[in-house]
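What follows is subunit A paired twice: with subunit B in the first complex and subunit C in the second.
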Partner chain A sequence: MINEALAPPLGASGPAAWLRKHFFSTWYDTAFSLIFAVLIYLALEAFIGWAFVNAIWRVENKHLCTHDAGACWAVIESRGRLILFGLYPYEEQWRSTLACLSVITTIALSCLPRFWSIRRLPILWVAGFATFVLLMRGGFAGLELVTSEKWGGLSLTIFIFSGVVVIGMPLAVLFALARRSSLPVIAKSFGFFIDIVRSLPLLTLLFAAAVVVPLLVPDWLQGNKLMRVVIAFAIFFAAYQAEIIRAGLQSTSQGQEEAAVALGMPYWSLVIDILLPQAFRNTLPSTINQAVITIKETSIVTIIGFFEVMASGNAAIGTGEWGNQYVEVYVFLALIYFVFVFGLSRYGAWLETRMRLGHA
Partner chain B sequence: MHDAAISIRGLEKYYGDFHALKNIDLEVAEKQTLVICGPSGSGKSTLIRCMNGLESYRSGTLNVLGLPVGDDTKVIDQVRKQVGMVFQSFSLFPHLTILENCVLPQIRALGRDRTAATDEAMDQLRKMHVGGQAEKYPDQLSGGQQQRVALARALALKPKIMLFDEPTSALDPEMISEVLDVMKDLARADMTIVCVTHEMGFARAVADRVILMAQGEIVEEGTPEQMFSNPKHQISRDFMAVVNG
Partner chain C sequence: MSQIFASQRFRRTALQGGFLLGVVALIVSIIFVGKSNIADQGMATGFGFLEQTTGWPINFSIIEVTGRSTYARVLWAGLLNTMLVGFLTLIFATVLGLLLALMRVSSNTLMKLVGVSYVEVFRNVPVILQVFFWYAILTHLPSPKQAYSISEMFFLSNRGLMMPAPAISGSDVLSLLGALIAAGGFLWLSRERLSGLLRWAPAIGIVVLVFLITLFTGRAPDTGLISIPELKGLRFVGGVMLKPELTALLIGLTLFGASYIGEIIRGGLLSVDRGKLEAGSALGFSTFQINRLIRVPLAFRAMLPSLTNQYIWLMKGTTVGIAVGYPDYFAIVSTSINQSGQTMELLALLMGGFILINYSIGFLMNMLNDRIKLKGRS
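Here is the complex of A and B:
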């Protein structure tokens, strides 16, 4: 009798019950569900009609691209290479593709926990970036020399983004540690430096790196313009990321630091083995956020004359020939950004789940 | 040096204007168990934290195993490698497994290789009756288990002295005895122990000496019997009345 009384209520199951529970449980649920169903249907129908059913795909049908027709994807066939490669010489674009793949592989591999060690990550990055630069620049073994002024498109965007993160992340760790140093001179001056960098617009910093630095610094120290811009961008990134890491460091308990010290562990081990893993873990959502912002901010380098993917996209519609197809080009660009940013946020979600299970 | 493991003379400590330790003289012989008790704010924790350089002091001398614990960080490092410490709040590393908590300090502080460190860690964990928890993470263990892991972690470094800073104060009542039991075993195995605690049962069972502190001073010092049956000072009598219920 008692067992019977305690048995769980037998809820109806199956798709019909699920639908009723989630969409039609009250009259206003039902009303909202119906209204949104209609809206979603209309939007999807319009989009699919525009993007697929009525779309014009091939360049030879360009004359059909009118205001009433669907998407004119012919522009991508015709100008896709310009968007992806910028001003990079047409014959050599296979090199840009390979270079791009090498950096994407490097990023993907460094996302895997098995590469997270002080020895493996730097080797991986140096190898990945060296491959990129050698392929892009050429000038050896019969490869035509292509200077960085001609690099462009997607591979430039990815190169700038990953360069900024790879240089900026260790800098951020350094800034964060310096800012909580027990020596007041160091703590105060790094705090001041971070505040200065954060109060300057990114554009100002990049202009200074591209235009002002060559006036002040001797030739042999200047490097090329792209390098200076990436470093300036990295410092900007590091100033923000340092505060995120500092928040993470503060969230680890004081007791652990004392325990490590009392156990006789050296300072570097306290930082690398104990504090930083927890700091990154605790601030993962903000860190991914910062990476997403950075990937999108890379488009700002257009202004100092670099043809990253956004600028190449604008160039593709800049001529009269494809001037009406700007929507298609922007949708294509949005798709490219979406692939990277969505990948990044899924990776963040995967890491969070993994860490909640106690690993990493 | 003779057989004094810890030797303190005229120790003075200030927090700003607050006089935290006043003219402390104290000797702890090798293989002795010393219990420090006293009301909160009396300076017991400050004193024990001075012994491995977690706190600095203004004047006086403090020798541990013949080494002067002072400003020289190299000497303090040497002392810390021979002095283990267990804290009130366990202070395990939450992102590492129980085993790794015990292995990593051996590798980093002593430069042991991983295989030797793992053997040693498992050995100590088994002695603390937590060998079966090696692959778990700290937050999956009870407070009593975590504190025994903290003890195993410290013992894996083969210290000559163990410091305990209120090791059972953060524990639920039913877990206190499981931690005190392993501490008693340690005391009987001739480890040199300095323990800040209010657990008078522990003091009675294994302490060679008890000191009572109040307002930064050592008020009274003696064997457990003297302290419990016949305290001389009014402060000691009041305190004993409270902790003995």
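Here is the complex of A and C:
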């Protein structure tokens, strides 16, 4: 009797049971299902009608763009280059495209486990960032010099993001190690500094870097405004990332550190060969989450007067010609951010499940 | 001599001393360079400017501010504006987040689908873009003459949303608030001595009495209890107006924040051990009892730390208000710096203000956490 498997209860399997369980299990479940089905249908119909069926795609049909017509995507055809490249010279925009592709390739490559080593990852990022800057700036091998004041649009957003990660990541490691230092003065000072930075809004730090730092440092140390803002952003990023790395360092077992000391390994070798690889690997999902937040927060620099993709989108609808197409432009901008952010965060979630199952 | 250098203790002390010296040298040199630069540009220093009048108006404030107000008062108005939009966002976003979480943990597939789509759309777009979007929508609404109206009481136009409001003055609100606090204090103090009617009647009595007094004293004979907005010429008279700046910021932050808070609450609800819920039903608890006595308290305990972080984050996120012209603390400080040139002092006040707000949220939430966390564990 005990070994005999019972047949499943009647009505607990099959498509009818599945439907009942997921849509009609009680009377109010049925009511909710019906209401939501109608709402979803109406919303989808309205959206598809607006975005595709009744949309106007080409600039020559611009006169058809009225209040009652669908989306007027002609604005993107007309102002797309402004949104993507800002005021970058028209003939040189292929360089901007290539530069963006080099950073996007860098991001994609660093998602591959093959590159997850303490030596390969930094080399990859520095190379990708350097390619970006060289291509954008030019001034060698016959490429026209384009200074950073002319950079704009999506390429400026990508520059700020990659600059923040390239400068912020080593800083974060430094902060995390300093906060865990056995020297109380250093540990306390860095702890205090990290906590203060974390309790301030990003905007106040960027504002201070743009406006106040010129008052406080000698002229030769000021650099340009973009540089200062990227560094301030990197410090902000580092304060958050340092806490993530610190959590990773704490998750490595004490025994490993003691074993390394017992074997007479020097401190830097202990950090680079034993602690950091494990700390990074254990906190990879949180690190990706931090990168996702950083991509979204680059849009804040528009407030202190940089012409990144958010600002160039606003400029595209700032003139009377396309002033009524604000919904289309904002949806387009949202789509740009969504592609990056959604892609990365899905990857992070996938990685998290994989790590929970004991791979990676 | 070489023994001294080799000794661990000497090296540790020297390293820390050197570090401290470096930090002090950095701060001193910053002060010197800053002082000479500020003197070169002929800017004043010190906090004396707080007593001066600003000479510029701000477009929204819950306390009365004019061009003749002092810097101290305008900055205070900015701090209040930040707290107003911050706390309203926290409340709305938490309610919406709770709804989203309930939708996502339900067994109904359609509700789950709506919840997931909402979270993915609103979480993956920068909050400033969302605020810009709502602001553009609100400012492109028709003018007051063609305003959309709901039963002639609510009017939606490009000037903002007009709503009916109770026609009471600030002092009435204060006395009502005082009555509520007194009633709450009485209930708290009497919780172990009195019960039932003896405890509740005085508390309710205080509030009703103060309400009746404010209702019948000092009211002009023609004014009703509720002031209803009316179109007079090109603008509205009466009621209260929610300006598009505040509304856009509130909608943007709430929708964005709700997607995060919803995920935190969902995580908390899912973290409750199934066995405990099954134990509840084995003991004969109803579904409602299981939720109220087991699931919600345990989930609340699990999600409180992340919720605290999220609240602080949302408070800091209110600074994007400057992008649409909402005069929050950051916007006021930034205008003051432009107008008065007191850069260092104002920056210190700015950072101090945010640290104060964020630490108070952290402090309150930690107090709550201490009350509900498992006793005997850290």
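To be clear about the criterion, the second predicted complex is superposed on the first by the 282 of 360 C-alpha atoms of A that agree within 3 Å, B and C clash if a C-alpha of one lies under 4 Å from a C-alpha of the other, contacts with A are read in each partner's own complex, and residues count from 1 in each chain.
Everything that follows uses one rule, which is that a residue touches a chain if its C-beta (ideal position, glycine included) is under 8 Å from a C-beta of that chain, and two chains touch if they have at least 3 such contacts.
Quick caveat, the model's predicted, so the values are computed rather than measured.
Looking at the shared chain after the overlay, A:P218 reaches subunit C, while subunit B stays out of its contact range. Of the two partner chains, neither subunit B nor subunit C is touched by A:P113. Taking subunit A as the reference chain, the count of touched residues is higher for C when subunit B and subunit C are set side by side.
In the superposed pair of complexes, A:N314 makes contact with subunit C only, with no contact to subunit B. By the touch criterion stated above, A:P89 is placed in contact with neither subunit B nor subunit C. In the superposition on chain A, A:G49 makes contact with neither subunit B nor subunit C.
Legend: residue contacts after superposition of the two complexes on their common chain; A:P122 is shown touching neither subunit B nor subunit C.
For subunit A in complex with subunit C, the residues that touch the partner chain are 21-23, 25, 29, 32-33, 36-37, 39-40, 182-186, 189, 196, 199-204, 207-208, 211-212, 214-218, 296-297, 299-300, 302-303, 310, 314, 317, 324, 326-327, 330, 333-334, 337-338, 341-342, 345. Subunit B makes touch with subunit A in their complex at residues 52, 54, 77, 80-81, 83-85, 87, 89-95, 104-105, 108-110, 137, 140, 150, 153-154, 157.
The touching residues of subunit C, counted against subunit A in their complex, run 12, 15-16, 19-20, 23, 30, 33-34, 37-38, 41, 107-111, 113-114, 120-121, 124-129, 132-133, 136-137, 140, 312, 316-317, 319-320, 322-323, 330, 334, 337, 343-344, 347, 350-351, 354-355, 358-359.
Residues of subunit A that touch subunit B in their complex: 253, 255-256, 258-266, 269, 273-274, 277-278, 281, 358, 360.
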